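Listed below are the structures to be examined.
Below are two complexes that have chain A in common, paired first with chain B and then with chain C.
For the complex of A and B:
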C-alpha cells in the first residue's frame, strides 16, 4: 500500500531540490569561518564532489521504481538488518530536522526577536510545517515553486542593490588556504548543503515519470548552487575577512545596502529568504521523517503521526546543542563525519549490495 | 506550566486518537499515542528543569571516541 497518494512532476522535483539547497544558505557561516575568500569556489567544488552521490540516489530509485528508502533497505539488506538501518536513518532524519529547526529559531531570536523564547518560535514554525506536511507532498511541491521564485528574485535583488559595494579584490588570492582546511570546508559544504538531498529518496518514488529523475535532481542542484554562489560572492565581496566573525554573514552583508540614503537596512529581504527557504527545508525533512516512521511501522497512512513527530522535534530543539558555540564547533568538526555515514556511505553501500546481488532482476525472475 | 502541558497532551491525545479508534485503526492509534507520549515526555522533562542528554553531544562523542574521527 502506498502511504502517499500524491504525485509530483519532474519540474516540481526541480523546485523542491532547488529550495531545499537554498534552505542551507544560512549554514554558509561554517564555510566563512574557515575561508571567507574561497566560499564561492567551495560551492562549485563540493557540487562536483556531490554529483556521483546524487547519481547514486537516483540510480537506486530507478532500480526499485515506486519503492522508497525504507522499502529498499528491507529488499537489499533483508528484513532485520534492513529495519535496523531504517531505524538509524529515521533517528538521523529527526536529528537533522530538529537541528535545522533549532538553527533558524536561534538565528531569528538572536538577531531580531531577542525577547522571544526560542521554544515559542519553534512551536510556531513546527505548526506551520505540520500543516504543510499533513497536506501531502503535492501541496509542498506546489508551494515550493512559488517560494523558489520568491527566494531567487530576493537574492538577485539583494545582489543588484549591493553590487556597488562588492570589492572583487576581497575574493583574491584564490585558494590561499591549507589543504586540510580546503578538505574540511568541502566536507562541511557537502554534508550541510548537498548531502541532505538523500531525504529525496523518500520523495522521488512519488514522481509521475521517474526516468526524468536524474535530469530533475541535477537541474535542482544547479538552481540551488547558483543561489549559493551569488550569496557567497556577495558576502565575500562586501565583508571580506570580516565574514569570519559575522554571526550571520548574509544579514551583515545586506545591512550594508544603501541606495541614495533611502533604501537602507534591507536585511528584511534576507529574513524573508531565511524564513521561506528554511521553512521548506524543514517541512521536507519533517515529511520524510513522518513517512519513514509510517513505512517502518507498516501504517496505512502517515497523517496520524505528523503532530506527534512535530512535538518530538519541538522537544528536541532546546536540548539538541548546549549553546550556539558548541553547535558551531560540532557543525564544523564532527557533524560532517556523522552525516557522511547516512548521506554518502549507507546509500553507496546499498547501491553496491543491490548491484552485487542483482536485486531488481532477481525479483523480476521470481515473479 | 506543567498542568498546561498535560492538558494539551490530553487534548491532542483524545482528539487525535478518537477518529483512529472509531475506524479501528489500532496500529495507527498505538503509533500515535506512543510517539505523542515520547514527545510530551521530552517537553515535560524540560518544563520540570530536568536536563535531557544532548543529542549533539552524543554525535560528538560517537564521532570522536568511537570512530576516532574529527577535524582539529
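For the complex of A and C:
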C-alpha cells in the first residue's frame, strides 16, 4: 500500500530542492551576525561539507527503493526501536516546520505589518500550506518549478538593480575570522540551511526514476546555493559591517536600491521572494510531517492528518520562543547541535546499521 | 449543507482581501520630509523639529500660480529621547507622523559634540524610517532655523536641501553621506565618520541655505571641520569626485585657467615596510579646458603638458591638506585603517588597538596622473594676437 499516489520526475526534484534551499535565505541573518564579510564563502564551504550527507540520504533511498524514512527505520532498527526513532523524527519535523513558520511571520510582522498579530499571519500561511499539502506531492512539485523561476529571477533582478551600490571592498579580507567562529558559522549554515534536506527522505521514494536521485539532489543544491551566494554578496557588498546588526539583512540591502529616483523601495521584490520560497519550504516540511505520521499509524491516506498538523504548527508558533531575540540566540547556540542529531547523526547511523546488517535482505527472507 | 458552508467561507474570506487590519488613509498621515535635532538650552534635552509637508499647498491653484502660503509645517518638541519626543507630537499634530519619506537629518553642533549615537538609533531601528536620509551637521545655526528658511526654487526646505546636496557632486566640494554610510563608518573601529556642514547665510528676507565644508567625527563625537579644498582632498582619496573645477595659474603668468574634471578615479594601497606604514594614493584624472583668462594659446601640446603638471600639483595640494588636517584631528576619515586591514590582515590585529597612535604619523605618498583632453568649442582664446 502506498500512501502517496503521486509520482515526481527527477527535474521536479531539482526544483523542489532548489526552492527548499532558497527558503533558507532569510535565515542567513545568523551567518551575518558572526561574519559579515565571509558569508558567501560559508555558503560554499558548508555546501562542500554537506555533500557526503546528501549522498548518504540518497544512498539510503536507493538501498530501499520505494520505502520512505519511516518504513526504513522499521526495517533497519526493528519494530520497537524503529518506531521510537520515527516518533522522534516526527517531533523534530514538526518543530522544524513551526520554526520556519515563526521566522517568516516574525520577519513580516517586524518589518512591515507591525501591528498585525503574528498568529494572524501564521494562520494564513499555514492555511495556504495545508491546501498545498492536501493536493499531494505532485502539485507541490509542479508549483515549485514556477516559484523557483520567480525567486531566481527576482534575486537576479535585485542584484542587477543594486549592482552600483555593491562595494567589493566590504568582502575583503577573505577569511577574517577565527577558526572557532568559522567552524561555528559553518555548523549553523549546515544545520539551518542544508540539513533540512533530510525531509526529502520522505519525498525521494516517489520519484519515477530513483537512480537519477543523486544527480537531481546535487543539481538542486547547486541552484539553491547559487541564489544564496548572490544574496550573500549583495548583502555584504551593500551593507558592509551594518549587516551585523540588521535583523533582516536582505531587506535592508534591497531597501538601498535607487535607480534614477524612480526605482526605489524595491523591498517588495524581497518580500515576494520571502513569501514564495518560505511557503514552499514550510509546505514541504509540513507534507513530510503529515506523511510520516500517517505512515507511522498505518493509515490509508495522509489527508485527515493535514489539518490537525496545521493546527499544531500554528499553536506552536507563539509558545515555542518568547521573542525573536530568544529564537535567534537558540538558533545560533542550541539549534545546530539539536538539529545535527536528526539531520546528520541518525541518517548516518541508519545507513551504517543497514550496511552492517547487510540490508535489504533478498526477497523471500523474513524481514 | 456543504455548499452553504463553502459559500459562507468564501464570503468571510473576501473580507480579508481589503487588507484592512491596520489600514490608514493618506490623509491620516503627516509626511515627515526632514528632521532637525537641537539641544534644548534650558533643560539639556533633545529639541526635535520635524518638517511636515502639506500636500494641499503644493498643488497649484486654478489660476495656475502657486499659493504663497508655506507648504510645510515645522513642529518642535523636547524630550529626553528621540522616540518619546516623536510620540510627544501627538499632543500637537492631529495626524500621525509618517517617516518613510524623510529626506534629511540635521544635527546641531551641540548634539554632534556630545555624540550622535543616542539620537541616531531610532532612525536606524524603527521599521518606518529609511537609511537613505542624508545627514548634515549645522555648525553655527540651530537645525530648527535651517528648516525654516524658505527656499526660492522649491516649496519645502527639506526637499530643497536634499536636491542641494545631490547637485554638489557637480563641484565635488561637499561630502554627501546618507544614514547607511554614516552608520557603516560609525561601526568601523578605525574609520571616522564625516558629514556635510550646513548653515544659513544672509539676513532677514535674504536668508539662504548653504552647504559647504565637512564635519569630522571621532567615534560619534564632532571633533573638527574640513574646509572646501580639504573636503575635495577627501573626495579625491575616497574616489567620489564626479565633476568640478580646478583653478590653476596660466603657465605664462598672469591670468587663471579653469579645468573641468571629467573623470577621476583613485586607488589606495597601503605598504608595510620594517613596521612603517606608507599609504600610496594614486589618482587618475581626466579634465577639459573649461575657460582661461590669459591671452596665451593653451591649445598646444607643450602648454597642455605644462597645465597638466600644474593640475597635478593642485590636486596633490588638496589631498595633502586634507591628510594633514585629518592627522591633526587624529581621525581616519579616509578609511586607511580598513585598507591596511584588507591587505595585511595578520598584522592588523596588533595595529588595530594602536591605530590612534599610528595614524597621525603615517606616511602618505600621493601620485597624480592628470590628463587634459578637450579644449571645449574653441582652441585659442578669442583674442587678437599682437
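Just so we're on the same page, the second predicted complex is superposed on the first by the 360 of 367 C-alpha atoms of A that agree within 3 Å, B and C clash if a C-alpha of one lies under 4 Å from a C-alpha of the other, contacts with A are read in each partner's own complex, and residues count from 1 in each chain.
In this text, a residue touches a chain if its C-beta (ideal position, glycine included) is under 8 Å from a C-beta of that chain, and two chains touch if they have at least 3 such contacts.
Note that the structure is predicted; figures quoted are calculated from it, not measured.
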Chain A residues touched - chain C or chain B, whichever exceeds: B
According to the stated criteria, A:111 is in contact with first (chain B), second (chain C), both, or neither; which is it? second
Who does A:298 touch here: chain B (first), chain C (second), both, or neither? first
Touch check for A:149: first (chain B), second (chain C), both, or neither? neither
Within their complex, chain A touches chain B through residues 95, 98-99, 180, 184, 187, 293-294, 297-301, 304-305, 307-312, 314-316, 318-322, 326-327, 330, 332-338
Residues of chain C touching chain A in the complex: 16, 21-22, 124, 127, 130-132, 180, 183-184, 187-188, 338, 341-343, 345
Provide the residue numbers of chain B that touch chain A in the complex, in ascending order. 12, 16, 20, 25, 27-29, 31-32, 35-36, 38-43, 46, 51-57, 59-60, 62-64, 67, 69-72
Residues of chain A that touch chain C when the two form their complex: 110-116, 120, 124, 169, 172-173, 176, 239-242, 244-245, 252, 255-256, 258, 264-265
